[in-house]
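In the part that follows, the structures are each spelled out as structure tokens.
Both complexes below contain subunit A, partnered by subunit B and then by subunit C.
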Partner chain A sequence: MVTDMKDVQDFKLKPMKCEFNFLSKSDGSAILSQGDTVSLVSVNGPLDIKMTSQRIDKSTLEVLFSNKNGKPSVENRYKENIVKQTCEAAILGSLYPRTGINVTIQELEDYGGFLACTLNCTCLALLNSGVSMRNVFAAVSCAVDNQGNVILDPTHAQLQTSTATMTFVFDSRDKSLITCFTDGCFSQDAYREALERSRSASDLVFAFYRDIIRKYCNVIG
Partner chain B sequence: MSEVYKLIHPVKHFNDYISIKTRLDGRNFDEHRNIKLNVNSIKTADASAVVKCGNTTVVCGIKLELAVPKAEEPDLGFLITNVELPALCSSKYRPGPPSDYAQVINNIVSEIIKNSKCIDLKDLCIVPDKLAWVVYCDMVCIDHDGSLVDACIIALIASFKTLLLPSVNYDTETEEIKVETNERINLKIHGLPVATSFAVYEHFQSQIILLTDPTNYEEEMCGGNGSNLIISYNKGLLCGIQKLGGGSLSTENNEEAIRLAEQHTIAVEKVINACLEGKGTNK
Partner chain C sequence: MRDTCLSNCEKNFIQKIVSQGHRLDGRNFNETRKLDISFGSEYGCCIVSLGETKILSEVTCEVAQPKQIRPNEGIIFINVELNPMAAPQFEANRQTDLTVYLVRLLEKCYKDSKCIDLESLCIVVEEKVWSLRINIKVLNHDGNLTECASIATLASIAHFRRPDFTRDGDRVIIHTLTEKDPIPTVLYHYPVCTTFALYSNDILLTDPNFLEESVCTSNTEEGINTAGGLLVLGMNQYREVCLLDLTGAAIYTSNIVHKALLSAADKCKKYVEIIKNAVAKDDNLRQKREKINFSDIITTEHMLALSRKDLNIQLKHYDVTELDEKDEEMFSDEDDIKPEPSKYDVVATVPNTAELKSKEGKSEWIEVSSDSGED
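Coming up: the complex of A and B.
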């Protein structure tokens, strides 16, 4: 299934649009839209935090997720945890011991693949804030429809008929899997195909990062 | 001497063990801990189970209540899971409202149960739009020594398997509810979902090692409590793969994890079935 994929697939993702420094008062911020899904992330740090949450060996990452209606829920804690764990693997926290890095996420529009969009937006906001990072990361979402076909970066309409959705996050160095979470039931083959296709598609996201950085920072681009 | 070494150079101590292809408790990388399971140990609950995976101990109790279904979903009952991590289970937790970690574990457990479709919520409905069962599943961790999700799922599924729903007579005219506690029917369970946890350890940068069923100490050495790779199976289908941060995985590691999870699932299914059969013959 993996071998004959190349001729079938022209890896296409929904159009991405991004703006840096969307918020004037934060150390780094980015707004990213992937198709109709829009997410806004602000990063502040490294800054002072209360003694009890300080860590002597690395910085403490605090993630706050607010959805559209603003009510806190268990689901938000889970989403915060996904972003936190993913960023912790990417940020060089040991350079900023006893400090905190705050990541605040605001949901603007959710038309499918919201967490993938948020993770990409967080990565861009971190790049904008100038926090030292080990590598950048790219998130790609996939869906499995009721015939068992894998759809890359599904639209809102495709998600309504899908039986499972998966989101993968890859690092930029050797494209290994950092984070993965799924929803629904699926077969091993569907998982493998989705993983490999997302891995290839992550190239597009990394290319997009490069374009954006080139536009905003002509020194390092 | 070894204890001192472990305290002063924890990373090197751990690395040395991994280098000689063994773990701190003498297991191989792909070996899981012994599972001890007992069902119906709490007589006051409608169904219950206690599970011990190594030192990790989880008690699960199920309580039934009647309620009116939601107006949007008039033919569905309710299934509410709750994972509690009291201060007693580990020094990391403080008494008080549920910690973020407890909420995350709770979310993972309820998602696995929901995605595996092992319980059809329609079975919990008695009279559409009027009456349905609310199944409260409370899981309390007594001792937290890693792989908490695995233990929670085993305890929950074993409790479900022993759950008997009393028959209810509902009079549509007088709206009178009559519960017959003597006449009980088994709740239908589709399949047997099992979760398998792995800790991902980056040994000298390049080599990735998967530790099956990690202890709390191993989890901490491999990027903290929340970064396990958790693979769940139900009826030969995958019903959830979670991996949040921690060491990164290549394609080969992924294949290995899926293979090991499949084997582990079969082993756990045997344990649960053996336990239930044992109880059945004793009656």
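Coming up: the complex of A and C.
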């Protein structure tokens, strides 16, 4: 099911706020809020790592995720993996062989769509750190409510009654899907609709990136 | 990543300017960096920033079994985490000496000083008590972690509220936040830690930054440095000492500790007031049902990281914020700038050169002739 371009104009995401260089000791850092969800990401690299984890053809990406209460959990490891695979597709690792790039993520507030917020924040932090990238990426979250309707960028209250949540990540070049993470039960049609709506909505995220980088470059340039 | 080592130039320079009465960021010896406390949407969660040092602190509670020797007291658990976000040299999920040191200092300051009423955390004697877990996470390490972590701990304990419960025979019903108003923690007194960097055994630097901290504890070219160290003092608002810790230096007079105590007492009192005010203000906003969220800390302030605002080396009489407002005019109209008092003077010596000399009188404009000029 392909959505009309007319509908696309009406798409709204939760308001986004971002700040670069929130942390002075990291090579790049960003704090991003999407509605009430806030995440903080720091990027260090390319840097010297121990011999055993060095790779001769590309840089090693290490992702560390910690939630607010600080207890390690399987869920955290899973999120680390999603972020790692997404970033590996975007970073030009072959430019920095035998080095490591560290991405550290800190959850500050989770009111729905946290994974999407984290991925967007990671992308901004990578841009801020100056690591070479093939393309940037944007994540959009969706939910399916109990009537089977697709809700774009759901709020905390909407998530309580939803049956499934999905997070899609698109690249900036040809808007192809690079990561998809789903949770719960949904129909094939709902999935396709959510995919197309998120794809169109990712334009808004890319526009936000461009806007913030333009402001930032004005300051440093 | 390996620890970045400190160069001899840095060490010597810092030692030299400190002995001459200056600090690299233009502060006075007893001046602290800017303190900022912001609370999150949940109770007991805050980010404290002291200059560029940033710490996230969260208090959570759960029902646990009490210790056998203290059957009617609650349990407090303090955990400090230093991951690569703080600085690249730290490794993830590994205990270092620094984390152990910080945990011990905070335990001394908040558990051993008995500032928290543990008996009020009891639910059923010998069976159920509240166990408070204080989780300190260093986001950015720019020196003086102790002071920042202790302010963060105190602010989050003072802000924290645990759920209310009712006892119905043998059953204990714990109410959610919407059912019954949560209860704040009872604090008998408010202890705060402050750090002083000791230089050549007689100079005390309040709130040292990362460089000052590492220079005073590092060895000099001549050998082991016994004259510099870090002095941590924990005091409450009644000027009572709760903690005293000295690392590095071998002090040979007690005068320096007395001097530090006097200055720490005022500082701690000031901090406690700031924390109490911040908690009261936050409580007021919450009662008015205003939304408080960490997204409020996002400003455009740091976007200017590479422009002059975040300059961390400052001349003593040079106020960056003052100049920022008239940014445009500054370049076009140089007369607008107030002449800043300087200790040095530029004096014309041989043709085409000028030299810095110790100031004798009032500064004046000089003219250095140039061949490629108008003639």
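Here are a few things to note about the model shown:
Everything that follows uses one rule, which is that the second predicted complex is superposed on the first by the 210 of 221 C-alpha atoms of A that agree within 3 Å, B and C clash if a C-alpha of one lies under 4 Å from a C-alpha of the other, contacts with A are read in each partner's own complex, and residues count from 1 in each chain.
By our rule, a residue touches a chain if its C-beta (ideal position, glycine included) is under 8 Å from a C-beta of that chain, and two chains touch if they have at least 3 such contacts.
Source: prediction; values computed, not measured.
With subunit A as the common reference, the superposed partners subunit B and subunit C fit together side by side. In the superposition on chain A, contact is made by A:20 with subunit C only, not with subunit B. In the superposition on chain A, A:181 contacts subunit B only, with no contact to subunit C.
Shared-chain residue A:148: touches no atom of subunit B or subunit C. Contact with neither subunit B nor subunit C is seen for A:130 once the two complexes are overlaid on the shared chain.
Our angle of interest has its tip at the CA centre of subunit A and reaches the CA centres of subunit B and subunit C; in the overlay it is 120°, to the nearest 10.
The minimum CA-CA separation between subunit B and subunit C in the overlaid arrangement is 11 Å, rounded to the whole angstrom.
Subunit B contributes residues 100, 103-104, 106-108, 111, 115-117, 223-224, 226-227, 234, 237-246, 248-251, 254, 258 to its touches with subunit A in the complex.
Those residues of subunit A that touch subunit B in the complex are listed here as 74-75, 77-78, 80-82, 84-89, 166, 171, 174, 176-188, 191, 195-196.
Only residues 1-2, 40-41, 45, 47, 52, 54, 56, 58, 60, 79, 81, 83-88, 92-93, 133, 135, 137, 139-142, 291, 293-295, 297-307, 310 of subunit C touch subunit A when the two sit together in their complex. Those residues of subunit A whose C-beta lies close enough to touch subunit C in the complex are 17-27, 31, 33, 36, 38, 40, 42, 44, 47-49, 62, 64, 66, 68-70, 72, 100, 102, 104, 106, 108-109, 111, 215-216, 219-220.
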